[in-house]
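In what comes next, chain A is part of two complexes: it sits with chain B in the first one and with chain C in the second one.
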Partner chain A sequence: MMARPIPAFIPALAPPLLLIGAWQAASATGLFPAQVLVPPSEVMRTLASLAVNGELSAHLGQSLFRLVFGFAIGATAGLAFGAALALSKWIEALFSPLFLAVRQVPVLAFVPVLVLLLGIEEGFKITIVAVAAFFPVALATFDGVRGVPKAWFEVARVYRTPLVPFVARILVPATVPPVLTGLRIALTRAWLVLVAAELLAADSGIGQMMEMGRQMFRIDVVLAGVIVSGLIGFALDRGAKWIERRATRWRTA
Partner chain B sequence: MSMLLKRPPARIAIGLVVPVLILFWWQAQSQAGGARALAFVPLGSVATAFAELAGSGQLLDDALATLSRAVTGLLLGGIAGVTLGVVMATSRLVDRLVGPLYHAIRQVPLLGWLPLIGLWLGNGDGAKLLIVSLAAFYPTVLNSYEGITHVEKRYLDVGRIYGFTSVQRFRLILLPAALPLILTGVTQALAFAWIATIGTEILLGSGSGLGAAMGLAQAQQRMDVILVAILVTALLGFTLNDLFARLRGHLLRWQGASA
Partner chain C sequence: MTAQSRISPTPPPAAPRSASGALTISSLSKSFTIDGKPLPVLDGIDLTLRPGEFVSIVGASGCGKSTLLRLIVGLDTDYSGEIRLDGQRIATTSLDRGIVFQDHRLFPWMTLEENVGLALLNTDIPKDRRAQIVADHIALVNLSGFEKAYPHQLSGGMAQRAAIARALVTEPKLLLLDEPLGALDALTRVHVQKELQRIWMAQRSTMLMVTHDVEEALYLGDRVIVMSPNPGRIRRIVEVDLPHPRDRSSPVLHRLRDEILTELTGAPDPANLVRFPGTEER
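Coming up: the complex of A and B.
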């Protein structure tokens, strides 16, 4: 047991490299037609050329614009709705049955409805992203605010804390951890739904790039899209987790 | 006033206010005519569409197709997922080899695989089932891995004292201790599989199923049919979740007071 342990990343890298090697070898044998399997080197070349000719950044820019815009709307609405639902018994009684019923519907099932209502333009894509973000954020905010101990409200009442300091110094810090988790889940879900919506109806975006690749039997373009959408998904999740850790540092300290 | 909120019948009535208002607004929109009437179908025609679809057996066929796809995918993906999760948690080698690959593949948005799988398998049932199984696979791997790795060490120590074989150790200690988390994974898998089923059916739009019916109705601009399909989807999804929650409660009944 005196030998130094192998750094964790070396065995971690081995299987993906092996897989890529086997993939390259399999496509080199010519066993599969190019519409079925293209070598990874070809995918990388396509990815590089898409990046150089600006096509990739145009698609990516469109997708990220829709994601940020739709997410901002959906998350803001979710925060406001969730907090209102948790703070007012009347709002809860009025809206929670409807909210719980609508939540049973998978977000993607709203796609046909929204297409008929809004067409397939930008408005539709931003709305579906907003809807996807709304539900997890509203739910997390509701749970977060409800989770604040009753005693804290009572202490605030005894001290006659005005509303603004009460919200800023008690309510917000107490609800930040669950709400951030909700926001992170919402972000991942919004990205999934956006890619799906772009596959279905779009003239630009990463999803549309993949769908075009499929229609033209360009498996290299499809795989390039898979890699890019995976990287974006990874970056979104990691970024959100980083913010979550930073914002909740005081808890463990 | 707040006494009113405590009485159940009053609560139900209050909860119905907003939905009823929305229905009235919708009905008013449908009678306003013009371009909007296309999207805002009169409520009566939704009921007619429901009766028509239910009467012809179309609705039942679609519901059964969607249900069987979701359940088959859940079984395939769930069994594969629990197996991989357990193996990864018990074998360091497999964990090191497969873990990074699993986490890399998981980053791709689920439906982003559709164009690729469409090229490989076409848009038939195979492609849909693969996506649904994948949806069920991810959360079950993660949760069964967590479940096995977090089994309390003292349970394993007891097993060692009793001289358990590795099969006994797995069957009598690891599996029961990890069961709550494994079932959490299956609960998530059920929700994801349901969403993935509807999503792939809408996106691939071939064959039968509630999602395919929605996609077709969208092309024919039949909002009434879409709404019927959504209603049935929501009810079925809710029922599935509820049934599974009961099953989970039954399987974990031994937890009782300690949980």
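Coming up: the complex of A and C.
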């Protein structure tokens, strides 16, 4: 008489469904004007029509394009910089104070200057995403390379492992777990910063769609954007976690 | 200690090597600098290892025995005196000298055969022969069938045997063992000691093992070097004139064990006395 086990995601659906239910109920009371507290059913209708008329996918495509490009640039630079910082005492002495200070500045604080320098074209958005991705990746790479146990360097010395296989087969795999975590954090942070930057200054993208909705008092469009950006961020985090687990299967398996 | 008049209890190496692993250490001293002050860890070490010999080093913690191995393997080259292998002065690491550490130091993302194969990357052995050599050495340590296993899937004793296979795969003339069985439980330890004896008899590299365990040192060693600490010096060299494989319960081994334990506990540092229970009744 064994009850069938309930899949783990089923209970996780309850809070969002309850929230939507409460939201629907609250808008049905009429306490707030319908244009302000738009019922979820209305938001879903808007979302569906945005999806059908292609507006949503156009904005989303723009945003994801910026995310991919900016992230690729920022993550590559972060990997290189973090590794250089960790491997060279000289580079560390020279750059680490500046790096640690700039890291403390909220990325969005760079928006005004970047807009003045780069306008609100693609260059600006890709740059802000790259900046957002750079710091977590650089930091994780630095910690990852520094964290490689001395014992493993000694093993490589004992076997006189040549440089290329040493980097490819020892150094890189040893730093993969912390670096992947850094990349995942950077990816989700880059998405947050991108949507925020699009809200502030853009001519397209999911953030700009929300900003236009706000200006035209279409709260349903704003909320549709909130849902979409939340789902994208969630999917990015989950996808990156999946890759992280697969790439480090030797740790448990 | 070079005056070895007795006949070696072990037959000469089956497959003679070109130059076969004679280690000569003369007036070796080493000190670390702590807070700007030199702290001597090894002082006036003189020691000669015959090719194919198994020598154990015992001594209390801090007698510099692990430091000695690091110097011989070439991981630390800051010392005075001389260390020579087959006449060659040791200046850095070399595939002629292998080492097994107390922690197995296998790379967790590599399978057993990848870990062993890694040691061959800088050899001139043709690529198509490497797989066979790796398989042979995995078989030597009785791990055939575990080639594709990751280190976390191996028990402590298996991982340590895998580390021994990796250290031997380059066929070093000299194998250094730095408390290789120190982290194993008592039963596994006895088992791996037997394995190590069998491997040594099959391989016939010169082996130098550091251990805390006097019985282990005597069971495996043709000679046992007893060291005293602060700074590390050779206190005594004990010949173990018994053929291999040895019987653990041999009265000769027991008598020598008691002698060495008395030697070690007779050291002026009273802190050592508590470490060897069983000697006070004699």
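Rule of thumb we're sticking to: the second predicted complex is superposed on the first by the 226 of 253 C-alpha atoms of A that agree within 3 Å, B and C clash if a C-alpha of one lies under 4 Å from a C-alpha of the other, contacts with A are read in each partner's own complex, and residues count from 1 in each chain.
One rule holds for everything that comes next: contacts are C-beta pairs under 8 Å (C-beta built on N, C-alpha and C of every residue); 3 or more make two chains touch, one makes a residue touch a chain.
No experiment lies behind these values; they were computed from the predicted model shown.
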- Query: Once the shared chain is lined up, is A:Pro165 touching chain B (first), chain C (second), both, or neither of them?
  - Reply: second
- Query: Can A:Ala151 be said to touch chain B (first), chain C (second), both, or neither?
  - Reply: second
- Message: Looking at A:Arg246 after the superposition, I want to know if it touches chain B, chain C, both of them or none. Which is it: first, second, both, neither?
- Response: neither
- Item | Touched partner set for A:Val113, first chain B, second chain C, both or neither | first
- Task: Count the residues of chain A touched by chain B and by chain C, then name the partner with the higher count.
- Result: B
- Task: Considering only touches as defined above, state whether A:Trp90 meets chain B (first), chain C (second), both or neither.
- Result: first
- Does the superposition put A:Gly207 against chain B (first), chain C (second), both, or neither? first
- Query: Touching A:Val222 in the superposition: chain B (first), chain C (second), both, neither?
  - Reply: first
- Shared chain A footprint, chain B vs chain C, residue numbers none
- Query: Which residues of chain A touch chain C in their complex?
  - Reply: 151-152, 154-155, 157-162, 165, 169-170, 173-174, 176, 248, 250-253
- Footprint of chain B on chain A - complex, ascending: 8, 11-16, 19, 35-36, 89-90, 93-98, 101, 104-113, 115-117, 191-192, 195-196, 199-200, 206-207, 210-211, 213-214, 217, 219, 222-223, 225-226, 229-231, 233-234, 237
- Query: If you look only at chain B, which of its residues touch chain A in the complex?
  - Reply: 2, 5, 11-12, 14-19, 22, 38-39, 96-101, 104-105, 107-116, 118-120, 194-195, 198-199, 202-203, 211, 214-215, 217-218, 221, 223, 226-227, 229-230, 233-235, 237-238
- Message: Please output the residues of chain C touching chain A within their complex, sorted ascending.
- Response: 73-75, 93-95, 98-99, 101, 103, 105, 107-110, 118-119, 121-122, 150, 152, 170
